[in-house]
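These are the structures, in structure tokens.
In the two complexes below, subunit A is the common chain; its partner is subunit B in one and subunit C in the other.
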Partner chain A sequence: MSKKEFNRRSHIEYFNLYLNMLPQPIQSMESSRMTILYFAISGLDMLGATDRIKSKEVIEWVYAQQIVPDSKDENKLSENCGFRCGPLFGCDFNPECSRTSTYTYDRAHVAMTYTALAILKILGDDFERIDREAVVNATAKLQQEDGSVAAISGISETDLRYMYCSCVIYTFLDNWGTFDIEKAANYIISCQSYDGGFGLVPNGESHGGSSYCAIASLALMGKLDLIPDKDFVIDWLLRKQTIGFQGRVNKPPDTCYSFWIGASLEILGAYELIDYDQNEQYIFCCQDKLGGFSKWSRSKPDPLHSYFGICGLSLMDKFNLPKINPLYGFRDLTLERPKIQEKTEEKEKEKEN
Partner chain B sequence: MNTKLDGDLKKIDNFLKQRDVVLQKRKEGDFSLDSLESVQKILLINPDVATFWAFIKEIYEHYEATSPGIEKLIEIYKKDRAHVEKCMGIHPKSYYIWYHRRWTSERTPQMDWKKELKLCNYLLTLDKRNFHCWNYRRFVVSQLKLSLKEELDFTTFKIEENFSNYSAWHNRSTIVTTFKRSKENKNVKENEKEKENEKEKENENENEKTEEQKEKQEKEEKKKINDEEFTFKFQEEFEFVQNALYVDPEDQSTWIYLQWLISQSSNEGKLERINTTIQVVEELLGIEPKSKWGNLTLVFLLREKANKVDDEDKQSNLRNHAKEIINKLIKLDPRHTNFYNDFANSNKSFL
Partner chain C sequence: MTENQKILQKREEELDSDEEQNLLQKPKWVPISKRKEWEDVEPITQKDGPKPPCVVNYSDRYKETMNYFRAVLRSEEISERTLKLSKELLMLSPSYSVAYEFRRNCLFALNGNLKNELFLIEKLLDRLPKNYQLWHHRMKCVEKLNDYSNEMDFLARMMLGDAKNYHVWVYRIWLVKHFQLWDNELEFIEGELEKDHLNNSFWNYRYYVVTKSKTIPLETIYEQEFEFVFGHITKSVNNESPWVYIMNFIKILNKEQLKVLHDKVDELRKRHRHSMWPLFCLFTLYTKYLITEENLDNALTFAKYLGERYDQTRKKYWEKQIKIVEKQKQNL
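== the complex of A and B ==
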């Protein structure tokens, strides 16, 4: 078996590309541009390549996506506050976040707000220009009668993805506002399926992504103990490992579940029960020569799978990758960054040759 | 390469022009059917933009407010369904598209839910694991007020088509759970219903029921009769699962469902149920001794039995037997060694 090399340099170039453009195959992701930026920024951060990021420019751009209260009446369309995906809808570039006249169809999206705050945090911004109260109040308005959370104000589907996003937002801003934690926690528990995993909605099939959202949300709310039998959930999670991890029973493994399932296990304190070698082998067979990771071997890499592939390796403490905070999905900012022993990696490569 | 680039640039240009038209109309508050055409067109290029779907919903809300009459509404939602089906062809797993479908179905007058069910069943032949489709199908079934028996029969059909269809097994579990809950709540509901019926009889003479309301009431009554006649027979269900095990003893779907089914049986017959299942599993292991899931299920069963017997010697024997099997499992399934070692040190049975 050949030794797998972690192509750090190639991955750095891969993420750097996405700082500057959105290639044609994923152009439809323009409506989620903030999340792509998050993968690129956090990816570079994980790889110790923050020197490649023009932090000031990025911070300005992120702030310019903030929707702030109306200049004349701060209650007008206050439910729209938060962050948008990007300038897709032709808004003015307003990084100072000065109040303007609000516009009905300019609405924040909870996943964009979460990733915007994450980007700012990673780049060391102190949230000075965030209108905390406006964001918290608007996010709280997304909670429905049954405790679930919608993506945007107005007509929207609700499922556990948005529950997770909103919980992280409250945690980052250290303010849960009028969010009903009790109702939310009960809603999450009602999404648990007969086999121990969590579906996206009540009666939904258990799935790795929604299970992560459920477990991380409960942990952030301090309600992890509401899970009636944690071992049952841990069993479901561990059984998702075939070589890498699958998202559902009888599905092929997929790189990103090394994070979704892995981080869930980490939160529940059972990560060491996985098979590290098999997981690593799988992630590596998805490593692309030119940088990035794909979901399956021999398919094309994309920012999401590239990012979660690296997170998957970080959970195993590999390649001097910094430890991630499993609740947030990016580097644990409270810990010192490990030194990248690039020279050692080069020497080992020479030895092989 | 230049031709391709030129082609792409033209596409981008076209998309942006269309986007500008749509956004301008929305800004101007133009909720006319012309706007509808523009936004439906752009969604066929990129169905993944929530804002465009939101605009369509707003157009419909405005249109409904003009009271155009039932025929016109039926027509417009019919066109919408055709459009959504095209978008589904491009993106069969888009959250926005499925949500939009549900949103419009709920407000279509005289909605043909049977046709909708046919669509779901067709899409499940293309991708039997599409959970968006399964979720929507559960919703359609609730509108049709299909009886539990009919729903169960559908999952039987899907499972017999392919025993590793985990989504079908999952759906089956929701049906069993619903059945159990309805049985538990029966007495409470009966009392409440009596009060409701009395009130309804009082109101009946005052209000004239619409055709739709009458139809709905008929469906509910039919479902009630069917559900009462249908007794979910655990014994039959066990036999169904056992047959599935023999067809494919390595597919985890069946084993997971079996374990859960045992946990759902009432305490009264549980020990007997466990003994019968142990027999079946051991018989199966006689044919397929390397069945990972068979061995694991046996561990659960032995432990659960140990929890139920009084004799301490018997308990100890059962638990030791379970431990032996775990050692066997470590050799059969080395990837989960850490799990088995951790599991061996506890006496949990998960049942």
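== the complex of A and C ==
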């Protein structure tokens, strides 16, 4: 593609496909169905195409994934509360969120709770059916001895991704419950590498995704000042730009890091120091003719890279994309939407043809 | 559906579905509903509601396996048949976290062969090297088995596939700490760095090993690391990894060590005039540790070269640094 053209229409169609279905070859991705739905919904929202979304139906479905306390004993398996990835466990469809029975293996996943709440927010829901106390208490139980956060109750991996998800949950519900903020912040700091970035776990190699999770989490906790030398982190982040952004030293650039690294810089107040043109150039060489963005040029697009490609462009204030909130990863809902000059885009297309 | 969407859908269906096509061993699948040993179990279907979004287009095999597994999770039955079913399920849905915990519960309760389990995990990791749940499952099995004897060879095989696979390193970091396997690690990572000094994961791991997970003070290991790092830098001056590695030590250096470092880097600057790294390192030394008026002047010159020629991507950053250093000069 020689001329940089933002294919808004194609991207809308791309996300619309995933809004409606998950194709069979990737049926096993249903264990992340809520996050894929989030990419589709927020993607369409970013593109100003919310008319494609049947909000009421989506909201019903999202609420039906909420695990609420047991009707007979609200302490029974209370650590399981929150949102599922989808109806995998086989419970009855319960969008009213009435209390029924809790089961050992029917568990919320912190990333699904985060994306469920995000979807509801974007669609303008008022969280009326959220059992706030149950969600906050269950999420707080995911915190480990060392301050880290697990994905689900029981035995599960713990890493900075889940730290971030839990911090957003507390922020959305305006309630940090019994979550130990000091311990969590110290854990995050212990993930900082010798070169300034943050690894996924302590001693882990500095990585763009985990650095975002670290920085955003600290910001949400109001503990950004615990970072001993913010300039050192900013240096690491800025050096991740080759053309687009790489996730680690000596690795090729990848579209999604235009968001992970870009949003981190935005939070630390240094985004304007990047090279806008090179970043834009890279994201565009990953734009697919049929819609969506891939991680590298000439590879296939996927919902995650498509979504973060758009977020990456939004950080640069381009193409009439609404501003994202770098802490949440979706549109800043407090701001007015920019007007989409669709007619102008079409005229320019005609001129070229 | 629009034309575009039809093409998109067709392309999605042609996706290389490693997870299903390649993982399924038996070409002829016997539906679980037709298996005698499952006669007494009532499968549980999924209730997706009247108008679900992101509708999953399940294959019959997937749907039926999940229906029976749902019944098993509900009943929490631990038995040979549920252990077997969990394997079938995980081959189809390898990211279903809770299924791994259920499977471990069966394995541990029934004294299942954990060494065989490690075999199975590796087979799946071969196809899905970045699956978080598989790596975690392996960790839990090895922990229970309390036997790490196969793990180094396993990691060596995984590294052949991708020596930068983040999971490989997270796992090794855990393994070495858990079983206190520090002894051979320095030799190991030096060997890897000989083969590929550009692999940043190697450098990060070296740091972990020499500091023994940040328990050994930097002062103790500096001289050894200085020798090692500059041995590599002289071979490849534009490699970022060793530079950021050694720059981490600057804060603990005494006057004499700072001078030695400075002279070494300055020598490299003269030999490799187009490289950004000696300039960047000297800039840091001059503005933070060896602050004199002359050095700040040099720092300004280097910042100019970096922004205009050798590190143009960070032009705006260097313009900002110039302003900061000019102010620093004024305040001297």
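To be clear about the criterion, the second predicted complex is superposed on the first by the 348 of 353 C-alpha atoms of A that agree within 3 Å, B and C clash if a C-alpha of one lies under 4 Å from a C-alpha of the other, contacts with A are read in each partner's own complex, and residues count from 1 in each chain.
Here is the rule we use: contacts are C-beta pairs under 8 Å (C-beta built on N, C-alpha and C of every residue); 3 or more make two chains touch, one makes a residue touch a chain.
These figures come from a predicted structure and were not determined experimentally.
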item	value
Subunit A as common anchor, with subunit B and subunit C clashing or fitting	clash
First, second, both or neither for A:Asn75, with subunit B first and subunit C second	neither
Between subunit B and subunit C, more extensive residue contact with subunit A	C
Touched partner set for A:Gly291, first subunit B, second subunit C, both or neither	second
Partner chain(s) touched by A:Ala40 [first = subunit B, second = subunit C, both, neither]	second
Subunit B versus subunit C as contact partner of A:Ser98, first or second or both or neither	neither
Subunit B versus subunit C as contact partner of A:Thr334, first or second or both or neither	neither
Overlapping contact positions on subunit A, where the subunit C interface meets the subunit B interface	24, 27-29, 31, 88-90, 103, 105, 107, 109, 151-152, 154-157, 193-195, 199-201, 203-207, 238-239, 241-242, 248-251, 272-275, 278
Subunit B residues touching subunit A - in the complex, by the definition given at the top	8, 12, 19-20, 23, 26-27, 46, 48-51, 54-55, 57, 95-96, 98-99, 103, 129, 131, 134-135, 138, 164-167, 170, 173-174, 177, 251-253, 256, 260, 334-339, 342, 346, 348, 350
List of subunit A residues in touch with subunit C within their complex	10, 13-14, 16-33, 36-37, 40, 54, 57-58, 60-61, 64, 86-93, 95, 103-107, 109, 151-152, 154-157, 193-196, 199-207, 238-239, 241-242, 248-251, 272-275, 278, 290-291, 300
Of subunit C, residues touching subunit A in the complex	2, 4-5, 7-9, 11-17, 19-20, 44-59, 62, 66-67, 70, 73-74, 76, 92-98, 101-102, 104, 132-133, 135-136, 140, 164, 166, 169-170, 173, 198-201, 204-205, 207-208, 213-214, 239-241, 244-245, 247-248, 312-317, 320
Touching residues (chain side subunit A, partner subunit B) in the complex	24, 27-29, 31, 88-90, 103, 105, 107, 109, 151-152, 154-157, 159, 193-195, 199-201, 203-207, 229, 231-232, 235, 238-239, 241-243, 248-251, 270, 272-275, 278
